[in-house]
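You will see two complexes here that share chain A, one where it goes with chain B and one where it goes with chain C.
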Partner chain A sequence: MEALLRARIAFVFLVTATLVIGACAQQAKPGTSGSPAASLAGGEKPTPGGTLTFVVNAEPPSFDGHRETTFALLHPIAPHYSLLYKFDPNDLTKVIPDVADGNPTVSADKMTVTIKLRQDVKFHDGTQMTSEDVKATYDKIITPNTAAGQSSPRAGAYAVVSAVNAPDKFTIEFKLKYPSASFLTNLASPWNFIYSAAKLKADPRWYEKNIMGTGPFTYVSNTKGQDWVGKKNPDYFGKDKDGTKLPYLDGYKALIITDATAGVNAIRSKQAMIEFRGFTPQQRDDLSRALPNDLAIQEAPWICVNYVVPNTKVKPFDDVRVRQALSLAIDRYAGGEALSKTTIVKDVGGLMRPKGPFAMSDADLAKIRGFGKDAAAAKAEAKKLLADAGVPNLSFKFLNRNITTPYEPVAVFLIDQWKQVGITATHDVKETSPYQADLRAGNFQVALDFNCDFLDEPDLQLAKFWSASKAGKGLNFAYYDDDKLDGMIDAQSRQTDPAQRVKLVGDIERYAMDEKAYQYPVLWWYRIIPYLKIVRGWQIGSNHYTNQDLTTVWLAKS
Partner chain B sequence: MRRYVVGRLLLMIPTLVGVAVLTFVVMRLVPGDIVALRYAGSSVPQDVIDRERALLGLDKPLWTQFVDWMTQLAHLDFGQSLWTGHAVIDEVWTRLPLSLELAVIATLFAVAFALPLGVIAAVKQDTWADYAIRIFSVGGLAMPSFWIGIMLVLGTITFFGWAPPLVFTPITEDPIANLSQLILPAVSVGYRYSAVSMRMTRSTLLEVLREDYVRTARAKGLRETLVVVRHALRNALLPVVTVISLEFAFLIGGLVVTEQVFNLNGIGKLLVDAVTHRDYPLIQALVLLLASVFVIVNFIVDLIYVFLDPRIRYS
Partner chain C sequence: MTERATALESEAEALARRRYFESTPRKRFVRFWREFITRRPLGAFGLVLVLAMILAALLADRIAPYDPTAISFKDLLAPPSPEHLLGTDNFGRDVFSRLLFGARTALLVGFTASIVGCTLGLILGIVGAYFGGRVDQIIQRLMDVLLSFPLIVIAIAVVAALGTGEDKIANVIAAITVPIIPRVSRVVRSSALSVVQMPYIEATRAVGARAMRIMFRHIAPNVFAPYLIMMTAFLGQAILLEASLSFLGLGVFEPTPSWGLMLRGAGMQFLERAPWLAIAPGVAISLAVFGFNLFGDSLRDALDPRLRTA
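Now for the complex of A and B:
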């Protein structure tokens, strides 16, 4: 019995460590650039009050975080909700409890995760949050009531869960089908807003058009296409380390500004203080010049990447030599240096974010075709492979979105690189909707795909690599089926030893990007946030999804 | 006349039905899918996409979708936006006041400049005043209104540290805040609008001033002001009114780029967003609205013709 207890305690420690390691997703070392370099205020005492005004450059579709996948929902709406766990806004390398009362307890067989809940959490209508609400929330995410019209695009991320139980009023329990490496960090998913069980029972789709959470800000108003307003929740349970009640702000206003130039002008004219997704280097520099004394800048590597996706169902891209040649022709290091001056791409990496917790070492990465530093040798090899495959003068249409940042410059760079090995790629630029339609119908030869995630987590970043007719249906636009790769992805997902998992992920990268060259990254994105320096208490992360509840944000007096 | 008016009103119905059918068909021919777009860039499995399409009724045969929509229309129900799930009528109603007000202010601005300057240019033909006005109007035609808008915004930010407010305030709540937001877009749009109207006023007035009845009026010894205003201008106004009216109708939904530049939450931006999202009910409702505006404006212009020129009779 005592041994079991010791094992449990040890495992709780292990799980906590796993959470922290997993949270390295957020380990974006904030940097500064440009002349106005004040980024984070260290050691200042937060001043309560004020209204934060920020730009959101898209309109949220519905208001239901469980249903949508766009940051345009999170930025204005996340402050109304709490999560079970969240990333620490003061140290984005850590996962901390939100409505959970401490770290989870994991059973010895790693198949049951038990979480105690805070007892002082109230919904904005005054009702107490209990385990029934958390259960209803996770039931909706994991097993949505599709007959009632519920939809959950992230249900697959919780396929490991067999049941969600509420053994008592303030305890929630997740039963797993098998030990999972990613489950615990997935509990900090920024989309998993805690909803009221009563509201969901009355109307399973209530949250698509209504707001009622337990978060730091209550809903005030939303004018479609214009703004979203929230005010401080006086009953919010959160406190800072000094015991001061959170949030510090009296309220916030999100301005919906879809035009990038208008967004920059909003900050330049000080009608908005910040935009949380990111600006281009040029926009950053424009703002730096215009507001030399009022601007702060934070920058960080971003968990977003563009992939070159050859359609393996179309000749000659069914030939691995052709796919390898396409990757070999790309001088990613030169591209990163040149493109990072004008658009939001920068780092060279494999399938996992460079410098992230699962990233390959530079030496290992350089051994993969197309990721070496000798561009001339790689291009010579590309030409040889094309000749061997019988397509020395390969030409094809290169499908792309009509979005300037960063799709078009990245595609122009690729086309130029391919031209240097005798490949003629015609840039086939389409509006997002027909672009998506072509991707999903397999109606293309080679495409520029993309992916963004909230976490450095192989289960997320490898989702596009499952076999196209199985788990990768609708995700894998290279349209291959590969049981061996499926087995490798599944194995890493079940591996709970972090070091061993990193090794398995490296094997997958070598296999998928080099040996089979199914699809491969071009350059990883780089996030740049210029903002008025009166905004304090917000730290950039490696994604634009987490750290958006604004609990710790405050406004300096000057 | 009454018979004519009733006939024209009844004719609007088949016109608008034709527009509705055409919009429905054309939008279905354009490739793209709102659900795929909604989840673009996210790892969303195909079954979720398929379920979502079914939920929105996009898996039904086209003719069923068409019948459903026409049935709704017959009940004056424009349906729900596929993107937001909100009633289309609410989505439009939120944006309509801004677009209408901007169109009215821009029209007032344009008319206030176009008529007097057009008349002066015609009366003072080939003098420095005429040349100056013509250069001014060519400038309006040559420079896109969105570019003028960008210059105005950058100019006010750079020189005054001020930019128009980003949030619409109804004129009934705060007229200053309202005009602060709309005056620059109205100027940037109204300049081009006034240039078109100004040139039309000048050229038609020049034609009329050469008519026999104007010579007769002058021979009678009438003052030049009376000759121009009472005899010439009124007759010259027919094409000018047509241009002004059609420009007004265009302003309701056609200011897409200007609305983007000033971040105006208007009908033009809504229409572009709806097309981008393939939000069929919203697109269909907006195209119907804009078609209705054009049809109604044309009808009103025809009635104004009668007032301006008593020789015109409808039967």
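Now for the complex of A and C:
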């Protein structure tokens, strides 16, 4: 019986590990110059001390990681918190325990996941972290107390969880509704900060305006619009391979610089050492010229993509021919090649990251309308579809947000492509808040949306494809309801065989992007991080969310 | 004074009067501009710049060698060449064509904002001067409030309240119009105050003319000179303000050609690699403002009898 159990546990881990490692192995493949990877791989011994200064080009809307979805929260605030599991900063292809004490145990029926917790983890106020804190954390994420004003945009990613239990002081247990291929890796979500149960009990929204975690850095100060400062947590539980206490840094200072050019200049003038989101190729080249001997660069594909989202509740976008025409008009390959020289978009792909573990082959992708390589034929077909739909001279307002990179160049590219088939799109640019308000109210015709995730995982990338009135509420801005598509997404989520899952995901892409043309990607992003060489111990990943707790980052002496 | 001198003076006066009455408005108009061009070369140069800008805007469709919004992937960031006189931007769009079409945005915003702003300022200035008392107090305190903020601050506040967008150019115009009003109102009021004291205004009142007729039939023509001068001066400022708002991301949006937008977007981002992207719209804005200012200053001198040369 025990052997059987072990075999089953081994199976689930094998599935998960295959997915995670497969995903990350292909997602990372960073291009590097300078020596950050080398410093991780070995050779150099980390030097403790110093303050890391980095740029964050947006202000966190609140301090609550469970509530927000922006990197602007993670970059300055993640160093204050721990997670249950996290991606290994020394090898982003692996998931390692953070406050968990080892790997999870999965029951024979794959419906119960049990995790032992470390007993040496303390909150910054000195109280010990226990399973009650982890339970309160996951309860808040999975079943937020909406009556008390809590919200959790990632609750859907944990729809598989039926209950979170704390059987003893240092054990946490997740009861699942069905075996899930993605649940274990979702426990390494960078948003799932471990919060204090006592603080949440006293005020369910306490973490929106306060900081108190178990992470490697304690909170020092925050000046709105200026900076965020943290200092080393002397009681942090983490140690490196040699037994040296982490973190290496004495502290960090995040400079809030919203203007992209000013952000580049901060690094050029060495007022800041790094910016973790990404720069354009032009900005990278400018910095390379200005700091030829002081700069290192890491690059990697990025799990971020812009979507064209026609509002299916508004005429004529309720007509599938019009939606297909909008996609057919876009010459993605020419656009990707050209725009990659000046901004952060590059690869053509479907709903899953190109060349990622779930991506469809180039040949299959080319069969989808708008993703073929014969641009002239596609444009001719687009014109025919528009004429058939009775809107040969279609015009509409194209909703976009006022963030230059890459929203503006992508929109300019799309407007030009549409113009070539007789469509007049008026660029309707708004600040992020009114832009999101319009998206949520359905107050638009066609919008440029985006999706960024921390992992190549269909459950995450397909989250916005669920029916708008069901699981896709607040994410699906195309506003369709489609039971068939819901069934397909649900089926892939329950499929634990990787090859089968890839096939099911391909079927979803064909159905959602081609047959129904509900919403479709433009170009996938490409991440470029130029930074001062003295920053060591940080490795680029295929997202700008994970690996931000700064535990292993250190500063070389010169 | 001798008899002969007196006779000569009355003869000259009679000649001048006859010439004036013999001349048609058209002749007077031609004479004014001929004198303006010959006696005020700087103003004439400003006028040439202004006319060149207006012609560029009007004939942009015919002059521009390329569609200003058409992307050309093979020409990304191409330097100036015979094919692209002022080079291309990061989308391969012809900078010269965008500059010509950008003049339309600048002039549309500049002319509309300065005409509407100056006219509203004229009305408020005349109304305040004519009625005086509480009406004047209220108008002038309101103008004081608006004057206490710099031009750009009010413009940003207005555009932030009304919203921006490619189809909301009227909001940008309104944002530029609002700060112009108090400045014109103040100048017009001071001129109108002296006109209001004139005997003929008293006479008009005495014969029972209504306030509206007195203000806009008898006072307005007498304060038209400062109004016209302020309008030309604010045209340049309005163009600069539109460029500033676009530069700050509060004006029109891509892919609409606009000088401020050209300066802000690719102009800043590719300053080192492609300096022509910033130089072309920068020079255009400078020349436009310079032209309107030169022209406005000279027009003021030409219209002001105290500064008029013999």
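Throughout what follows, the second predicted complex is superposed on the first by the 523 of 558 C-alpha atoms of A that agree within 3 Å, B and C clash if a C-alpha of one lies under 4 Å from a C-alpha of the other, contacts with A are read in each partner's own complex, and residues count from 1 in each chain.
Rule of thumb we're sticking to: contacts are C-beta pairs under 8 Å (C-beta built on N, C-alpha and C of every residue); 3 or more make two chains touch, one makes a residue touch a chain.
All values derive from a computational prediction rather than experimental measurement.
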Open item on the list: With both complexes overlaid on chain A, does A:Ala387 touch chain B (first), chain C (second), both or neither?
Closed with: neither
Open item on the list: Which partner chains sit in contact with A:Pro61 here, chain B, chain C, both or neither? Use first/second/both/neither.
Closed with: first
TODO: Could you say whether A:Gln271 touches chain B, chain C, both of them, or neither, answering first, second, both or neither?
DONE: first
TODO: State whether A:Ala159 touches chain B only (first), chain C only (second), both chains, or neither.
DONE: neither
- [ ] Pick one for A:Met111: touches chain B only (first), chain C only (second), both, or neither.
- [x] neither
TODO: Compare chain B and chain C by how many residues of chain A each one touches, and report the one with more.
DONE: B
Open item on the list: With both complexes superposed on chain A, which partner does A:Thr261 reach: first (chain B), second (chain C), both or neither?
Closed with: both
- [ ] Using the superposition described at the top, list the residues of chain A that contact chain B and also contact chain C.
- [x] 261, 434
TODO: Within their complex, state which residues of chain C touch chain A.
DONE: 69-71, 73, 76-77, 90-92, 163-167, 249, 253-256, 265, 268-270, 272-273
Task: Interfacial residue positions of chain A with respect to chain B in the complex - done: 59, 61-62, 68-70, 146, 149, 151-153, 155-156, 208-209, 223-227, 255-259, 261-262, 265-266, 268-272, 290, 431-434, 436-440, 450-453, 460, 463-464, 471, 473-475
Task: In the complex, chain A residues that touch chain C - done: 260-261, 280, 282-283, 285-286, 289, 334-335, 337-338, 341-342, 397, 402, 404, 408-409, 411-413, 415-416, 419, 426-430, 434
Task: Contacting residues of chain B [partner chain A, same complex] - done: 30-34, 36-49, 51-52, 55, 83-86, 90-91, 94-95, 150, 153-154, 157-158, 161-163, 165-168, 260-263, 265, 269-270, 273, 276-278
